[in-house]
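Chain nomenclature is as follows: A, B, C, D, E, F, G and H, assigned in order of appearance, with residue numbering initiated at 1 for each chain independently.
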Amino acid sequence: MDEAALQRLLEDVRSGAVHPDDAVAELRRLPFADLGFARVDHHRSLRQGMPEAVYGPGKAPEHVAAIVTELLTAGSGPVVLTRADETQVAAARRANPDGRVQGTTVVWRPAAPRPERVVLCTAGTADLPVADECAAVLGAHGVEPIRLTDAGVAGVHRLLADVEVLDGADVVIVVAGMEGALASVVGGLTAAPVIAVPTSVGYGAGLQGVTALLAMLASCAAGLTVVGIDNGYGAACAALRMLK
Amino acid sequence: MDEAALQRLLEDVRSGAVHPDDAVAELRRLPFADLGFARVDHHRSLRQGMPEAVYGPGKAPEHVAAIVTELLTAGSGPVVLTRADETQVAAARRANPDGRVQGTTVVWRPAAPRPERVVLCTAGTADLPVADECAAVLGAHGVEPIRLTDAGVAGVHRLLADVEVLDGADVVIVVAGMEGALASVVGGLTAAPVIAVPTSVGYGAGLQGVTALLAMLASCAAGLTVVGIDNGYGAACAALRMLK
Amino acid sequence: MDEAALQRLLEDVRSGAVHPDDAVAELRRLPFADLGFARVDHHRSLRQGMPEAVYGPGKAPEHVAAIVTELLTAGSGPVVLTRADETQVAAARRANPDGRVQGTTVVWRPAAPRPERVVLCTAGTADLPVADECAAVLGAHGVEPIRLTDAGVAGVHRLLADVEVLDGADVVIVVAGMEGALASVVGGLTAAPVIAVPTSVGYGAGLQGVTALLAMLASCAAGLTVVGIDNGYGAACAALRMLK
Amino acid sequence: MDEAALQRLLEDVRSGAVHPDDAVAELRRLPFADLGFARVDHHRSLRQGMPEAVYGPGKAPEHVAAIVTELLTAGSGPVVLTRADETQVAAARRANPDGRVQGTTVVWRPAAPRPERVVLCTAGTADLPVADECAAVLGAHGVEPIRLTDAGVAGVHRLLADVEVLDGADVVIVVAGMEGALASVVGGLTAAPVIAVPTSVGYGAGLQGVTALLAMLASCAAGLTVVGIDNGYGAACAALRMLK
Amino acid sequence: MDEAALQRLLEDVRSGAVHPDDAVAELRRLPFADLGFARVDHHRSLRQGMPEAVYGPGKAPEHVAAIVTELLTAGSGPVVLTRADETQVAAARRANPDGRVQGTTVVWRPAAPRPERVVLCTAGTADLPVADECAAVLGAHGVEPIRLTDAGVAGVHRLLADVEVLDGADVVIVVAGMEGALASVVGGLTAAPVIAVPTSVGYGAGLQGVTALLAMLASCAAGLTVVGIDNGYGAACAALRMLK
Amino acid sequence: MDEAALQRLLEDVRSGAVHPDDAVAELRRLPFADLGFARVDHHRSLRQGMPEAVYGPGKAPEHVAAIVTELLTAGSGPVVLTRADETQVAAARRANPDGRVQGTTVVWRPAAPRPERVVLCTAGTADLPVADECAAVLGAHGVEPIRLTDAGVAGVHRLLADVEVLDGADVVIVVAGMEGALASVVGGLTAAPVIAVPTSVGYGAGLQGVTALLAMLASCAAGLTVVGIDNGYGAACAALRMLK
Amino acid sequence: MDEAALQRLLEDVRSGAVHPDDAVAELRRLPFADLGFARVDHHRSLRQGMPEAVYGPGKAPEHVAAIVTELLTAGSGPVVLTRADETQVAAARRANPDGRVQGTTVVWRPAAPRPERVVLCTAGTADLPVADECAAVLGAHGVEPIRLTDAGVAGVHRLLADVEVLDGADVVIVVAGMEGALASVVGGLTAAPVIAVPTSVGYGAGLQGVTALLAMLASCAAGLTVVGIDNGYGAACAALRMLK
Amino acid sequence: MDEAALQRLLEDVRSGAVHPDDAVAELRRLPFADLGFARVDHHRSLRQGMPEAVYGPGKAPEHVAAIVTELLTAGSGPVVLTRADETQVAAARRANPDGRVQGTTVVWRPAAPRPERVVLCTAGTADLPVADECAAVLGAHGVEPIRLTDAGVAGVHRLLADVEVLDGADVVIVVAGMEGALASVVGGLTAAPVIAVPTSVGYGAGLQGVTALLAMLASCAAGLTVVGIDNGYGAACAALRMLK
């Protein structure tokens, strides 16, 4: 139940369209619905501006399906399933067929398009899966990001060639593994908020993304913020908070 | 030289108030002024929306003073000196007396007050120096943050008592050491962007802030972003990018 | 051989029901029985208040079966097999058919129900396997824990809705991965002993449970204690020591 | 305000000794008193069974004194100041002269003696400062721990000589640095709850207490629980929760 | 070629049984034989008192076989193949059929039995594979170790029951995972050299053997020495150096 | 397009052999060709002295093939595919059949042989795959390295036997795992530039190459430089930069 | 009380020179003397072949003096005080004037000279303080080590020039910081037991001795053993165990 | 004794100017001179192309002076003292007055100027001390580096403004702390060998230079090589090896 739905309900009570007893019954579902194996948080969209996404790993396929169904039934905004494996995707879509699959993400009831400009910048082709998760979550909320791919700093002219794309951005998301230097360079080129996403791309001294994470946190470009390794979902949520 | 100053200059050229040769001379300073021991970056406010702050540690007092002077002479926005020791503060203010000292930060030519609401939330009294640096930098740009102090999660009712303060925020900054759990709880209570600042407060398993840093990055609250340990300056810059 | 069995034996010697030579023979098994590949510790229940559990990984199935048999034959309390794979479970139950399987735990000869209240609190659904191991071991000793599931701090109201459950607890066990903040919040809400169990749930900056572990150790809630990562068994044993 | 004081107040209202308005005024102080620089949590003894201790590091001496005064004025249980430096101790005792100093801990209004047996076991003489902090906090709540000093496992007979002391314990606290093996051996000798406190004693591979911390968490003795490095205060609080 | 073989060769030259040219040809093989893909070090037994063992991982089966053959042909002491997989074992034994297989170790031409007493002490059954590798290498050199199994410190009486075995030892090897405390306790009970072998047994805070490694290095028992994690082979070589 | 090709093009324009419009069309491809899924950097050989190698992991086989084709079509120097799996190799060679496969590396259009002496020194047979990748990349640019294999420092005479090979070297590359000491010894024996490549060979305390990496960085031999763990490709590139 | 003293006492009882009651009184001191602040372990020389050394750090000077006095009064072997600061040395020698000071080590009642050959090998001059502590402890037990100084592997010929010194050694101790490669090279040159002592010498990637520690543990030279960082005392004790 | 001096000596023997006995006496000094407390390595310039530098920390001032004197007396090339404190500098220059002091480095008998172009690039003013050490060592060997200061990537145009300086370089040295991204960007702009020097500049997530170190090792720019943290001396030696 998002804010609009709540206001509609209260209007309906005031206008007499809904009986107070029925409104109470519906509101009693709040703040969460206890499914036994999980407690679905319907207030989240009120509190955090976005519905509870369902994180796949470690959940039984039938539980995934049930949580998605609950969110679709009781709420009114977009529903997102992330990092789902094939059996989870199948179970969730069997119960709710109109989910759109993008990689390991599934989106139901996507929001209407929004006009803000989010630039999603990746250092190498191996960073694309993380960027794709980010783009799918943004898309669920109506934001179609502008992609800047393969912009690693070892060929800094490739980035500079597109520098005007950065200028008009409301939010910039930089996805990079290895040494993560792209975030520093981008941070120096734009006045927009920059969200840096370290990826586990690379080997040896990349330490499964820890090097990029540390480098982004220690960046000489002022005002970068960072999310966890490979956390494309978190970066999208952070961007949505900023777009508000 | 910030964007407004640049536009004024170009207007003056168009109107004839400034001769093109003089405009060129002034613009030639761009993109940076080479002082020999440092290259002062006057384009930064154009590119990043804020002037280059002077980071004190490791710089000779006379160099600090000269860089501040250069920034005040050639630019038109606020100038900030951070993490300065006493001799650096003295040297910089001898050369430019009207700097306002707040802890180890000095601000010259602060911007006019702005109306945005930034909530600055601290877990314990020992986190205050980091929060103070953050507040001083925000203040230099005209933003007076609303403070929520001593809101550690071990007494979560103290935080809940002020939850309506969070509701209206444009940006929330959470400064916390030890296990940094305050960021997760705050992130769950607001739809605003949340910038988490881990501090090196605590001992033993706090690992000089690494524990809080990791915990904030691994937070179960979606859409948190994180800056480096004790980096109150960076959090302020990130907030300013978001307000922009 | 637990304390009750030992007292019975000595009573039998005093009453003449058991000949001293036979008592000596039985006691000579103490303090342990050497099976060649393992030395089964029958004194543990005397010393530590619980029998030696059999930890599955790395043991041959026939050895697992033999150790369980020895513990059932020579002792009189509950016997627990943990982290057993399928072939170990099969071998142990072939030799001793009445073992109750719960996940990867098997319990023989469970103790009679006890009245103490242990609250077992989990942050997310992915933490359930660790909590289940903990519950199985508690159940072997007659303690049926009260479960609080899906109580992550990003929706702190879900936890507060059940706060009265915490009030009457003798011991509270908190199982949480990611940033482990649930332990701090729970620790601030109850005067009972709190045992925090970090789990390896999460990815990236969760560092396979190290982040939760460090966060729990650095908690701002006074008097938390912590066990090893994913150590549901250890948490149960700690709770049993406290209930004593 | 602890539970007893609250009950007394309510009794006084019922008996007419206190006017409801006055009771309300007093209760309104709850749940915390905002001193401007700190918010003193008077509900903590209700929620956690012990008053908020004042942690010295990073606080101004006059703030320390004011918080202690507030706690003594508005509450009725013991008040503890920990890790205080000399100027903090002096300021706090100038305002409240009857504080008892033990090392870097100060205790006001200690509770009446309690009969429970807490055994406080240290591996080497260098672990004593941590044990002393623990003992001072226990003493503030009326528990005088039984000390077992210099019981390192390299001379395990020294420990075995006192094994009967362990047998009657309600709680055992083990304070050890270096490899922390004492916790494992003690954990194998007693059925009581064992709280292990790693210390930063040792050099080289001791890694400032991290080795002892890890070793205690990985202990082969089932049911140990662990607190943070050098955290004698936390161990005392954990013991008090268990004694409850 | 070990020292005895070298002396025999030189005696044969002196007595005329071997022509100097032939001796030169044989000695020219020294200090190593270049097989193209590897350089077999025949001087090692002269320099280090033991022949070059063949470490399996990463070597092609036919290379393993060829190196073993070269060592058997050109030398005269025991030959050991360690950490071999099945195809390596098969290839090596097809070429040299009389190798004795013990776990993942194969021994050819074992030395005659030696009388020294090496005690090989393990903490748990999961440590046995590392101890078995150690025992196989010792056995190749004629030393049959005395085994003390399942002697973990959580039941320290099991160890004390066999303390006299330790007394007569020339060398004691302690193999332990988890917190590795067994090494400290054994080190306090014997005057013999103690070689501690940390194992990767355990989970969570055991950190794949790093915890045991650090604990052994930080041990309070003076004069312990440590080898690498799971390095049963290295411990055997160290013992052989000490027995000389 | 490497420097020679660029100069030829410009000569052709000057001589009239190529029309300026055609030259512009070709140059417009610069600085990179955007294939949609990747941006191929044709200027790299101008800037860095070597063409962009294609790093296999994480790329779709058809993308690998397309990038290789683009590099072969638009440039004129050697093209290298590294860390390719079997399907990537097959796809790339189906499109461009004359690639030479060496392990997981494929080379097209190798450069003519060059006379410089690069010595490639390995500590053990398990280091060979990393050295082979290095040799394949060197060979693509016409440099056939001189191999010194199995030169571990535990038999330092094997290295000293070939010391004169080191003397004439233009560059020495040392590939070693475990403790990486070979780099220090080699660095002390030659005045040539020494590039140290740590490998993930070894177990336990080798920490997947981190130990060798740290040891090489901390080497007592002055003037060593180091590349990332297992980075044979990077070492080859570094050597090529030095040979220029 | 060492083994010889114990035998003398028992002989005196048998011969009648000492009355059994007096022997009992003396033996009752065993196994340790409780000084209140410390428990002095007189059995250690029986169990471990060397008296308890007094480790200075963290002990009050008067306690140091009292422990030394107790050890001198009740025992009969050498007494060693290590890592003592000036006031500890002064206090201990005021009470027991004939202690010989060597750096931060003091030795009383040194043993008679012994003939075994211990070679003490250091990589650089900065490693000398650790080697000196080792030599002082060896000297207390009658062993005068042979020193090989400044034998770093960057100039391996300096080591090879003295290789015959290594040949006759009973034990070799290698003290090295930075990358610790000296241990590997020495381990390859001798058949004697080699004890490696990593030191905290070096900076940057030396990580305060961790790099040398890891490198020594991962050494390719078979049969090295390692003690903790900077632990010259431990290395001496290990050598004494081996000489036994 | 460098190569030229050795050749002169041998010419003098051939011409009769030096008697063979005298030559032998002089050569006998080789390969090192044993000063008792140190063994000065005169062959190093023969083997490594540069004389042994004297590393100050941990050496007694009189030892520093004596080693410098020995190197000046017996050799013929430049002599460098690094990381010297004031008393070491004073002692060394009292004995050998003509040493040139640059920061904590002292140079005697500098080599004649050489024409090669070494570019020394620093990210921030706080990196200058490390760069200065590097420049002093280069200068001792006749190489005057070209400095590019304050070229951090957050203002990448400052670097691009000087890109032509990079083009003509024989070697480029990049000195950077924080996230070390400058090395990647420079590595992408030049075909010259690039030596990256991480510095301990920065705080929090910079981890005393470890972040920059890891980032440089994981760089996406092919063919970077890296030296230890703050190791300006090592970078200079590496550059000299490359210039040869």
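Keep in mind that, in the parts below, contacts are C-beta pairs under 8 Å (C-beta built on N, C-alpha and C of every residue); 3 or more make two chains touch, one makes a residue touch a chain.
From a predicted model like this one, the values you see are computed outputs, not experimental measurements.
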Ordered by label, the neighbours common to subunit D and subunit G are E
Cα centroid separation, subunit D vs subunit H, in Å, comes to 55
Distance in whole angstrom between the CA centres of subunit D and subunit E is 50
Distance between the CA centroids of subunit A and subunit C (whole Å) is 39
So, in whole Å, the Cα centroid of subunit A is separated from that of subunit H by 50
Two or more other chains are touched by the subunit E residues 47, 124, 154-155, 187-189, 204-206, 213, 217-218, 221-222, 228-229
Chains touch in the following pairs A-B, A-C, A-F, A-H, B-C, B-D, B-H, C-D, C-E, D-E, D-G, E-F, E-G, F-G, F-H, G-H
Residue set of subunit C touching subunit D in the complex reads 47-50, 53, 187-195, 213, 217-218, 221-229, 233-234, 236-238, 240-242, 244
As the complex stands, subunit D meets subunit B at residues 31-32, 37-39, 41, 43-44, 47-48, 55, 57-59, 63, 198, 200, 209, 213, 228-231
In the complex, the residues of subunit B that touch subunit D are 125-126, 128-129, 149-151, 154-155, 157-158, 161, 201, 203-206
The subunit D residues in contact with subunit E across the complex are 123-124, 152-156, 178-181, 184-185, 187-189, 202, 204-207, 210-212, 214-222
